[in-house]
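In structure tokens below, several structures.
Next come two complexes built around chain A: one with chain B, the other with chain C.
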Partner chain A sequence: MDLKDEIQRVRLWVNQIGNFWLRLVWHFVHLLVRSWYLGVGVANVIESYLISSGLLRRYRFIDVGKLRYLAIVVESDDACQISKVIQLLQWLQAFGVKHLCLYDTEGVLKKSKESILAKLKNATLFEEADERDPLLDQKHMTLEFASITDGKEAVAKGGNLLFMKYLKLANSGAEQKEQIFTEANLTEALRAVGYGGPEPDLLLVYGPARCHLGFPAWRIRYTEIIHMGPLKSMRYGSLVKAIYKFTMVRQNYGT
Partner chain B sequence: MQLPEGLRRESMPRHVAVIMDGNSRWARQRGLLTPSGHEAGLRSMKEFIKLCLQWGIKVVTVFAFSIDNWTRPKEEVDIVMTLIENLLKSGLDDFIREGTRVSIIGDTSRVPESLQRTICEIQEMTRENSKFHFIMAISYSGTYDLVEACKSVAQKVRDGVIQVEEINESVVQHELETKCSEFPCPDLLIRTSGEVRISNFLLWQSAYSELFFAKALVL
Partner chain C sequence: MGTLCGSRLSELFGSLGSFFRKCMFCILSMGPIPNHFAFIMDGNRRYGKKEKMEEGAGHRAGFSVLMSMLKYCYELGVTHVTIYAFSIENFKRKPDEVQNLMDLILEKIDGLLKEESLVNKYGIRVYFIGNLKLLSEPVRVASEKVMKATANNTKCVLLICIAYTSCDEIVQAVHESCKNKWEEIQPCNSHKSCNGRIEEVDGKNIDDGIGHSVQELSGVQANDLRATRASTFCNDVAQGVESTDNGSGVVGHDAVHGSCDKWGEVQSLEASITGDGVIPYVKREKLAVNPSILKVVDIERHMYMSVAPNPDVLIRSSGETRLSNFLLWQTSNCLLYSPNALWPDMRLWHLVWAVLDFQRNHSYFEKKRKQF
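After this line comes the complex of A and B, so read on.
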């Protein structure tokens, strides 16, 4: 009995020592990983500074013409920092970005569009630009403001337009009703109900979560999505890097 | 099952979606032919599903083949279809034993007939399972999903089931292909290969999904 107890006690002791060392190893590995990410964060800040000051050659000459349409998604809480949003737009304007869409879920930016436009030189609303093709307008910076109502609700409204056409054909006994529902027709229907903005080439997300927060789904099939972090920590260098990376991308579109 | 240190059960996603991209590049990097990449991709997908099952994730949706992929060389498409069919057939016993329900979303009218039969069979045989839901998107795109949802809504209106005035985003959502799932919207959407776009996958459903773009070429 004493021997058994002794063995049991030794086993327990060995287990406890083993667990202690395992926990130590785990915390050490955790520390290494945290140090790595800290190092990466510091490197990003330094790189951002170097990009902003023009010291990194490859970021000096970027073909911004490849970026036909840019979308910016801002968390609605961050969107209240209008001065930050204006600064971001001024950076983009100076960089040569001509056409962009500003989105936040609750429409905070939509409500502030007048004050935003007032702070930018030569900026106009997307809806007021050249009707034939707003993206051809190179004189002004065009701004589109969107919110959650331009997303799923818009698809339902666009769908309604097609439903009415479908019912009309069904009631008249015509045979082509199945061809009403095509992707091209839904795109046209969205345009007809006022939700037909262009598909952004690049979407930058400013907020804590890497999530597009309900940006009009129909428009982001092949959009590059980059998470930029919270708006309050935005850096010019990170913005340039994101646009540069976009210009280097080659899409296969599934082929 | 015990979760690894650092993962909290209450924070685990209920639905994880995956875009399996990078198989061809994986094969090229190793001097192999493209089909080897697809085989490797499917093998790692099986391991991933096993892990999700163990960690209590309820739904996994995998983007196995996009509508855009039909433009790839016929030989490659045929190989992918064969691999998918073999995966479903060979996995049937495991799916049944583990209580996994299998659903296929997408325009399956375009896939080979033998795969269509396998799809019907596996969906029927696993319909009552409820422990885990594995959804495979084959010949799928988000825009196709939305257009089909609109068609379904139109038919319901024609049949008098709903009125036009009642159509809203909720009605559309309930007609999407993911209506087969208890949790149609993914909490987390992972894409491998380092590309940072969702390539027409679960467009509507991913509105509030956390997006994770992994540099790895296979899962």
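After this line comes the complex of A and C, so read on.
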């Protein structure tokens, strides 16, 4: 029995030592990864500076017309930095972006809607804009504000609309009741309940990780998703590079 | 003698590689390991062209990389793996290409049932996720056979998305939820005292309302014109809602009718697309739709992907940054990783890098998941 206990104790001890060394190596590997990202970050800063100063030729002339609708996803903790958000919007406005959706999970940007619009010249809410107004100048920008309630909950509301139609048809014994469930009808139902915004071509994520954070699923089927890093370290050059890369993309749409 | 040496050497390298991989996985296991990996296997055709292969050979090369990736995932301790095998949009490809892909898929599905397959080695339960009715009968029958044969496997799960798009999944989930709710309400239609299932409707008995509205409704005509369909849609809603509203405040009666009057105006405005390609989103009124019988949890319960937890990491090869209608609903808190390598060029280190990235961001995503 003593021998067995001894063997058991030695095994445990070896396990603990082994785990200690493995954990040390794990931390070292992550240190290497962090150093790698630090290096990439420095390279990005230099490149961003070169782009902003116009030294890199290919970024000088970008066809921003290809970008019909841009979405910006901001980490809610960062979205409180309204001055940063306004600076970003001013860059985009100067760049020529016409239609934009600002999204954060908790709706911080929605709450700050009025102050953002007040500080921006030539910007209106997307819902209130009238494209046919000839007085709108080239630099005019429309803004849409969205949060997590515009995603799954909106689909549930659209689904309720379809359900009511289904109930009527079911009770009248109509055979075509199952046929009302199509993508087109759900899109129409979403519009009817006020969630019919367009699909963005490009989605820029300002946060710690590349993730769309619950942006309305129905609207991002073929949206290019680019991670820009935290909002506090946003750079004009990186923005230009992201838009340039988008204009170079060629999509097959599955075919 | 030469070939014997050669095969011994490759065995040695294979064992060394396996030993190195196990060491690497032991180190990675000191941190959190993702439960669920999703893969978009993009770049097979481009790989075939790059290597000057014959048509379809790129997909076969991609399949052997897939088997390696699955092996690595299950060795690492990942419990769920989802792969985007075939999108509904892919049916639009050339018929020859679609047929070649379907033949390859059928061949590989049959292979899953063999004794020595990965499925049996790792005790994998296989699900085929998607609108299986769109598949040809041999493929559908084979996939149902595999699902039945692996139903008792419990160690890990492989979800093969075939004839799948996220939008189709959402529509099907809404459809199933509506059917389900209708079946729940059904017994109440014959028993007027039954109120238990309709407390969501502010405690009102909806069946009287439904019966009443049925008499008023003349039926809906299917119509290609969006404007007509939308306004018919809206009028149906208005009629149905009006019938259920007996002054209990279930819905804003005037708001709904007001919205329907404006609907025609909205539709004619929206029928024109502006020069920059954006459909104006002007002057829409939010229809206050109440009761909210259908909830998010009902829709999620009927999703094809409800058999698995949400993915932790989604990897799309070939450097493309879009999701292409894949798991849009399930990836709210999922790390998206897009290595530049084409799918057949993907290797172990790409997977290792994805795990390291996941570990770096793990606490952030945990915080996000707890919030929502």
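Quick note on the criterion: the second predicted complex is superposed on the first by the 207 of 255 C-alpha atoms of A that agree within 3 Å, B and C clash if a C-alpha of one lies under 4 Å from a C-alpha of the other, contacts with A are read in each partner's own complex, and residues count from 1 in each chain.
In this text, a contact is a pair of C-beta atoms (placed from the backbone, for glycine too) under 8 Å apart; a residue touches a chain by one contact, two chains touch by 3 or more.
Here the structure is a predicted model, which is why all the values come from computation and not from measurement.
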item: Clash or fit, chain B versus chain C on superposed chain A; value: clash
item: Chain B versus chain C as contact partner of A:43, first or second or both or neither; value: neither
item: Contacts of A:12 with chain B and chain C, given as first, second, both or neither; value: neither
item: Contacts of A:248 with chain B and chain C, given as first, second, both or neither; value: neither
item: Touching partner for A:55 - first (chain B), second (chain C), both, neither; value: neither
item: A:192 touches, of chain B and chain C: first, second, both or neither?; value: second
item: Touched partner set for A:209, first chain B, second chain C, both or neither; value: both
item: Contacts of A:182 with chain B and chain C, given as first, second, both or neither; value: both
item: First (chain B), second (chain C), both or neither touched by A:162; value: both
item: Per-residue contact with chain A, leading partner among chain C and chain B; value: C
item: Segment of chain C that clashes with chain B, given the candidates 243-251, 261-269, 279-287 or 333-341; value: 333-341
item: Overlapping contact positions on chain A, where the chain C interface meets the chain B interface; value: 26, 151-153, 155-156, 159-160, 162-164, 166-167, 170, 178, 181-183, 186, 209-214, 217-218, 220-227, 249, 251, 253-255
item: Partner chain A, residues of chain C touching it in the complex; value: 26-28, 30-31, 87-90, 92-93, 165-168, 170-172, 174-175, 177-178, 181-182, 185, 210-211, 213-214, 217, 219-220, 222, 226, 229-230, 233-234, 236-237, 239-241, 259, 263, 274, 276-287, 289, 291-296, 298-300, 320-325, 328-329, 331-337, 356, 359-361, 364-365, 368, 371-372
item: Touch list for chain A against partner chain C, complex; value: 19, 22-23, 25-26, 29-30, 33-34, 65, 68-69, 98-99, 105-106, 126-132, 144, 148, 151-153, 155-172, 174, 176, 178-179, 181-183, 185-186, 188-189, 191-194, 196-198, 208-214, 217-218, 220-227, 249, 251, 253-255
item: Of all residues in chain A, those that touch chain B in their complex; value: 26, 151-153, 155-156, 159-160, 162-164, 166-167, 170, 178, 180-183, 186, 209-215, 217-218, 220-227, 249, 251, 253-255
item: Complex interface listing, chain B residues touching chain A; value: 5, 66-69, 71-72, 141-144, 146-151, 153-154, 157-158, 164, 167-169, 171-173, 195-200, 203-204, 206-213
